[in-house]
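Presented sequentially are two complexes of chain A, the first with chain B as partner and the second with chain C.
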Partner chain A sequence: MNNLALKELLYKIADDQLILGHRNSEWTGFGPLLEEDIAFSSMAQDKIGQSQALYTLLHQLGEQQPDTLAFMRNANQFHNCILVELPNGEYDFSLIRHFLFDTAEAMRFELLSSSSYQPLAELARKVRSELRYHTLHANIWMKQLGSATEESIQRLQRSLEFALPYALGMFEKSPYESDLIAQGIFEGEEALAVRWKKKVEDILQQTSLHLPEWKILTPVLGGRVGDHSEHLQPLLDEMSEVFKIDPQAEW
Partner chain B sequence: MQTPSVNDIYTWLEAVKDPEIPVLSLVDLGVITDVSVVNGAVKITMTPTFVGCPALEFMKNEVIEVLKKHHIEQFNVEVNFKTPWTSDRISARGRAALKKYGLAPPPARQVFTDLEILEHAPCPRCNGTKTEIKNPFGPTLCRSIHYCHDCKEAFEQFKPL
Partner chain C sequence: MASIDPRVNRLPEIGKPGLIQPKAPLDQLGTFEVFVQPKEGKPFQHEGSVHAPDTEMAFVLAKETFTRRFTCSSLYVVDTRDVYVSPITEGDRNVYELIHDAAANDHEKYTFEIYHLNKRGKQHTHAGTVSASSHEGAMAKAKQQFNSDKIIYNIWSIRTDTIRFTAAEEMDLWLTLPEKKFRDAADYKGGEKLKEFLKKTNHA
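Right, the complex of A and B next:
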């Protein structure tokens, strides 16, 4: 088994979960209604917990301790897609991102549940059932607000068009893509993107939102190789502040 | 001291409760996935209800405390996902304890195909079925929030997973 390929895969998934988990947690206390405050906070807890489990797999493959991996790397050492590091903006953008990301993430873990790397397959079987609640939540709100008032439709439409090129960046290919596929570790970004587009089309068809043609969109790439937007480093600085002051702190 | 049997250990573990739901033991919750005793060394395998459950470390320490209290010197408590936790792992006794505590027990997994089943969770207080889901996320990762139109009270359900 190609360990470099496997590690690269684990890093990007773990980093996606950690960074979006942190962004979700920024809604704590600020949700547009109490239920949404609780929902985004719960999804934050799920995602950060899942990232910890993935960093633990990396640690078992010889990488640093999970906390060190989460708190001590600089932005250019993170492999998350740029979509997840973008600021929360208004609720409409957070909802669109939640829908586009979690639809892909649920499918990614579905594929990984039959990975030839057993520790990852075991974890994926667990995580995929948890993510059902995330996609259920996203789909309900997309369907409701995506066909509600003129303002809600307009806001979601604008955020959708802004987010889609970043969302396509989720499927930026790994240099080890063919190894991962050949060794049965992961079916690959292309296979995932095909399934994701179909699901996104299916949900959006049940709303008044308009999906632009895929072929006119240019994916925003770079995140997987550490080439991030200006928004990631400030997020990392805030997230790691306590750990850097006192690595032994318990809270 | 005498080597304990696997049954002895399960009996001891009955004393360790879920810190969020103090009526439910870890055994009835289904998070203990294996217990073995080999040459006097005790091995316990646990798995979290949700991967991000913050109570897991606490539960693991409680398990270790119980072993120490019974003078077990050689032990290993491991957490893994080999046998993943699902809500079907909650025992019949656990389900009854949940309901008595005021938390609706989770429906069996095979009937949980979409949100429909969460929509009308039976009220644990009055058994009413005129209920609605208010939020698939609740005060802890494993609970959702509902409202009963029969007894006009909010209640929580242990989520099917």
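Right, the complex of A and C next:
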């Protein structure tokens, strides 16, 4: 089994989960209504928990401790897509990102649940129940606000158009794509993107939102190879501020 | 000018002649009642309510609002307006004394979920399901089927077809919940950590 290919795969999924988990947790206490604040915070916690499980797999493959991986790397060592590091903006953008990302995430883990790398397959099967809730939550908000008032539709539409090129960056190919596919570790970004587009179309068809033609969109790439926007480093600085005071501390 | 206090804006204009109008609709989300089954085989119990625009959203929001810490095997929600409530009693007065006996010709059109308040100040718990054609009929049926020596202080009746249940494929929603120990403050064992810290600093 190609360890480099496997590690690259684990890093990008773990980093996506950690960074978006942190971003979404920034809504805690500021959510649009109490119940939604709690739900969104819980899902952020789930994502950080999933990243920890993935960093643990990496540690078992010889990488550093999960906390070290999460808190001690610089932006250019992170493999997350740029979509997840963008600032929260207004709730409409956070919801659109949640929908676009979690739809892909649920399908990614679905594919991984039959991975030839057993520890990853087991993890994927375990988090299925969490992701079922995340997509249930994302879809219901799309359906509600995507066909509610003129303002809600307009806001979601604007955020959708802004987020889509970044969302396509989720499927930036790994240099080891063919190895992963050949070894049955992961079916590959292309297979995932095809399924994702179909699901996004299916949900948005049930709303008043308009999905632009896929072919006119240009994916925003670079995140998977450490080429990030200016937003990632400040996020990492804030997230690791306390940890870095005393990295040896026992919590 | 509109006030920033919504209560002020809801006040009627005094002495202004005009048409008779329908009452203004709610300017806030309505409420939905949340019922949780803590463990398979245990009865459902009322946990509280959530605000939501519809039943589906209420289900989604109820899940994290009420079942993010303790074990849960199933959840359901119902519009607050679909919960019918009997009179309430106290002391040694059984509420079933206040419920009419069942009419012999009740047509049993629907099923109803019956909830009992077994102790004042506690949650309503599921007592069983009855068939009837109205909430009055349902409580009368409940009187036949669920009334015993035990004192019940209040009865709720909910038509089963108004409930948003957990679907069969959603039963795994709480699968990883027991592992989320970080949501349990006691699991952090703050007291022990503090003791250890004090011991260390005293010897330093």
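Rule of thumb we're sticking to: the second predicted complex is superposed on the first by the 247 of 251 C-alpha atoms of A that agree within 3 Å, B and C clash if a C-alpha of one lies under 4 Å from a C-alpha of the other, contacts with A are read in each partner's own complex, and residues count from 1 in each chain.
The rule is simple: a contact is a pair of C-beta atoms (placed from the backbone, for glycine too) under 8 Å apart; a residue touches a chain by one contact, two chains touch by 3 or more.
Fair warning: this is a prediction, and the values are worked out from it, not measured in the lab.
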| item | value |
| --- | --- |
| Combined model on chain A where chain B meets chain C, clash or fit | clash |
| Partner chain(s) touched by A:Gln52 [first = chain B, second = chain C, both, neither] | first |
| Touching partner for A:Glu122 - first (chain B), second (chain C), both, neither | first |
| Chain B versus chain C as contact partner of A:Ala182, first or second or both or neither | neither |
| First (chain B), second (chain C), both or neither touched by A:Gln144 | second |
| Contacts of A:Val242 with chain B and chain C, given as first, second, both or neither | neither |
| Chain B versus chain C as contact partner of A:Leu61, first or second or both or neither | neither |
| Against chain B, colliding segment of chain C, chosen among 45-53, 99-107, 135-143 or 189-197 | 45-53 |
| Doubly contacted residues of chain A, that is, touched by chain B and again by chain C | 35, 38-39, 42-43, 45, 49, 126-127, 129-130, 133, 136-137, 140 |
| Of chain A, residues touching chain B in the complex | 35, 38-39, 41-43, 45-50, 52-53, 119, 122-123, 125-127, 129-130, 133, 136-137, 140 |
| Residues on chain B engaged by chain A in the complex (per definition of touch) | 47, 50-54, 80-82, 84-86, 114-115, 134-139, 141, 145, 159, 161 |
| Residues of chain C that touch chain A when the two form their complex | 29, 50-54, 56-57, 60-65, 68, 170, 172-176, 180, 182-183 |
| Chain C contact footprint on chain A (complex, rising order) | 33-36, 38-39, 42-43, 45, 49, 126-130, 132-133, 136-137, 140-141, 144 |
